[in-house]
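Shared between the two complexes below is chain A, which pairs with chain B and chain C, respectively.
Entry: the complex of A and B
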């Protein structure tokens, strides 16, 4: 295999990888606030992307506006879910919250099926289809665009978490909820902000990936790879989510070249099992001890 | 009063094939099969707090084992096929349970989810044994000279095995082992401090849970008569979780009630496939928000309205930390 072809495969791996990274980030944001895995993340992403697409199908607005609509829908959806359901379960255990988000994912997927059918729809892309030639290497604009947009968003998130009051409050809650409350942080507001932020990040990932995998009520399933990416990087760690996503994307794209095609579909799961066996804390995660 | 109710219930179950149309006899068999899975899952999730998203995988292992035994050894009695299903699935449970000891909460959920996917992929790839996507036809269960070829005969087989499994579970949860499992659910650290070998009991819970599901899988193979890998997807695992959540975590009768309600509901929604997940999802959310403890604790409160209080008082539930 030539180097040029290899570079092509790696770059498209990085493109899917950055989508996984965004999904992993949105899972980690909710996890850090509420200590629960949001099973409905993929379905929230799907519903927001559909909301943007519905407007686009009626009025041909520029794609940037479509993305803004999806983001607004996502913010509203995240806020509603936190306000109406999650907050009422504030006394619930993590186990209970996990079950609630599992139920939510079923409800949202079925509701999307009723509203938009279970068919696949093509989604307009920001990026052209003509490959860009860099010397002997030919790269798809979609790949480069996705990587670029994701990196920009990640930089924005990094700035939010390090440079703003809200971001610092969210990190404080992630570290120790009780101590955060003692220094005057409204934990409830951080909960709501986390759900809205996670939902928005998911929606952007959804709009970026929809042209590649098509828009359908089933598209939320790609979030399973977001889970795996987050575990690979160390669940709870945001740099870990990015590294895990990129790693998963590249390995998943390279694996079919070296492995028999029959186990191609199992690659992410085999990676998950391997990392859980070898290093459950993930690549960048810290090993925590249970406190009594 | 209590024994009278039980006797009437038993008589009703025994006479069911004479009273009900064929299809409802089949449905009743399915309820019992699902109840066995729900009890098995509850022994794991309700008693040791290890949530499994892979029980459809265990069910598949049991079902395919029984079907392959029945096909390859045509004269073998059904007991042999069921024992094989139980042993193979328990072994798989042990193999999965030992590495899963290191995991808890969502990591365990992810690992078992992955297990479910890997089982389906394995069935597709081992097509010499399982016939892959074409599906596997299961011969009628044999008991000595008889072939259990009618829905009624299969119902009695399922009922007898189911009764034995329920009896075993009811006794198990009252033994030293059952109490050790409950102690682990309440606090792993405290259980360990009281001298409970946490790793051993958690693995045991995995093995017993897999064994129950394996037996149910074997019965499922004979009741349905045809196996294909797509029947064992992750949504089936979610259905099993819904059964124990609705029925009540940590309750054997609750598991049975949850299995019965959701199996009947699933069947009556067969014509409305688009609404099915909507209903099941709503049940999951509503059970958690309004009926923690499920049917089992609701029934307890109904029976003793004054003394009744939830399994854990709402105020004392640990919040997210």
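Entry: the complex of A and C
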């Protein structure tokens, strides 16, 4: 195998990995604020992407506008779900919430089937198809585009969480809710912001990946790999979500080169089992939380 | 002018039982008032109810004459009530500086820098440790950080829950000196403290709670001379002894 071909495989792995990383980030954002694993994340992403596509199907708007429509739909959906369902389950246990989001995912998928059928639709891509040649290496524009867009979004998230008042409040709530209330943070507002932010990040991932995996009511299932990425990196850690996503994407793409090609779809689960056996806290996760 | 804090006939259920039953108390402007009592007598629950973390079953909490009984905790903080909870509750994964910044959540960007400066002036050790994770600080430093964090919002009433708990005597004395300095700037203090002797020396008045009720109230001098208080909280027998200075 030539180095050029290897680079190509790794870069397209990084592209898939970026998407997993974004999905992992949306799961982690909601988890950190509310300790809820949002099983409906994939379906929220799917509905938001469909919303953008529906507008595009009627009026041929620039794709950037389609992306913005999907983002707006996602923000609204995230806000509604938090405000109408999750907030009223304040006395529910984590397990109850798990079941609620699981039910929500079924409802959203069924509703999407009614609205848009269960068929697959091609989704327009931001990026051209003509490979970009860097010396002997030929790279697909879609891979570079996905990696670039994802990294930009991650940088934005990093700035949000480290540089802004809202981001700091979200991290404070993740650590200690009582203390967060006592410095004047509205924990309820942080919950809502977390659902909106996670939904928006998911929608961007959805619009980026839809041209590759097609748009369908089933596309939300790809979030399972986002979940695995989050576990690989250490659930709850945002840098871990990024590292886990990239790792998963690259290994998933490399494995068929060295192993039977049918292995590809098993790779995420094999990696999940491996990390749980070797280092259950994940690559960047803390093994034990410091107790003070 | 209304008192800084007025608590009227407060009853609170906490942890599946009635933790506070009919507590009334006041804290006047610039006063230090202490709440004494054994573990589980309802002191912490009273503080948590004042700061809005827990909602009472009955009664009212007035801050500067305004009814804050049903207000959410974040609004009570914004109104000027600081609460340093038992166990300090610093954000262990934040640096010292980040803890102080988040303490300024309700403070305008314009004022924040000056408030930080004030905090570092009061606690120079925090400035030296500003880039250190709060989880790596000693107990005394964490207590200072918790107090400094509450002060960033410039409260006019500070609720302190066991500030000297688990601290070496020298550090505890330093914390108490700091409370005095904070009070000297006009901040009223409601102090829950296991060390009753030291609390009475600092406070002008006090209340003694037993199983959620106020059983004795008075000036520190009166409480220090009260035989039941002396035997239960000051480690004296029932034999009368000379009164402590207030």
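In this text, the second predicted complex is superposed on the first by the 286 of 292 C-alpha atoms of A that agree within 3 Å, B and C clash if a C-alpha of one lies under 4 Å from a C-alpha of the other, contacts with A are read in each partner's own complex, and residues count from 1 in each chain.
Heads up, the rule we're going with is that a residue touches a chain if its C-beta (ideal position, glycine included) is under 8 Å from a C-beta of that chain, and two chains touch if they have at least 3 such contacts.
Keep in mind that what you see is a predicted model, and the values were worked out from it rather than measured.
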item: Clash or fit (per the criteria above) of chain B with chain C on chain A; value: fit
item: Chain B versus chain C as contact partner of A:94, first or second or both or neither; value: first
item: Greater chain A contact set [chain C / chain B]; value: B
item: Arrangement angle, chain B at one end, chain C at the other, chain A at the vertex (C-alpha, nearest 10°); value: 90
item: Which of chain B and chain C A:185 touches, first, second, both or neither; value: second
item: Which superposed partner A:253 touches (first chain B, second chain C, both, neither); value: neither
item: Contacts of A:26 with chain B and chain C, given as first, second, both or neither; value: neither
item: Which superposed partner A:194 touches (first chain B, second chain C, both, neither); value: neither
item: Touching partner for A:111 - first (chain B), second (chain C), both, neither; value: first
item: Closest Cα approach, chain C to chain B, once both complexes are overlaid on chain A (Å); value: 7
item: Intersection of chain A interface sets (partners chain B, chain C); value: 178, 290, 292
item: Chain B residues within the chain A interface of the complex; value: 49, 51, 99, 102-103, 105-107, 109-111, 113-115, 117-118, 121, 125, 188-190, 238, 241, 245, 274-278, 280-285, 287-289, 292, 314-315, 317-321
item: Chain A residues within the chain B interface of the complex; value: 34-37, 85, 88-100, 102-111, 113-114, 118, 177-178, 224, 227-228, 231, 235, 262-263, 265-266, 269-270, 272-273, 276-277, 280, 290, 292
item: For the chain C and chain A complex, residues of the former touching the latter; value: 51-53, 72-74, 77-78, 82-83, 85, 88-94, 98, 101-103, 105-106, 135, 142, 149-150, 153
item: Footprint of chain C on chain A - complex, ascending; value: 165, 168-169, 171-172, 175-176, 178-188, 290, 292
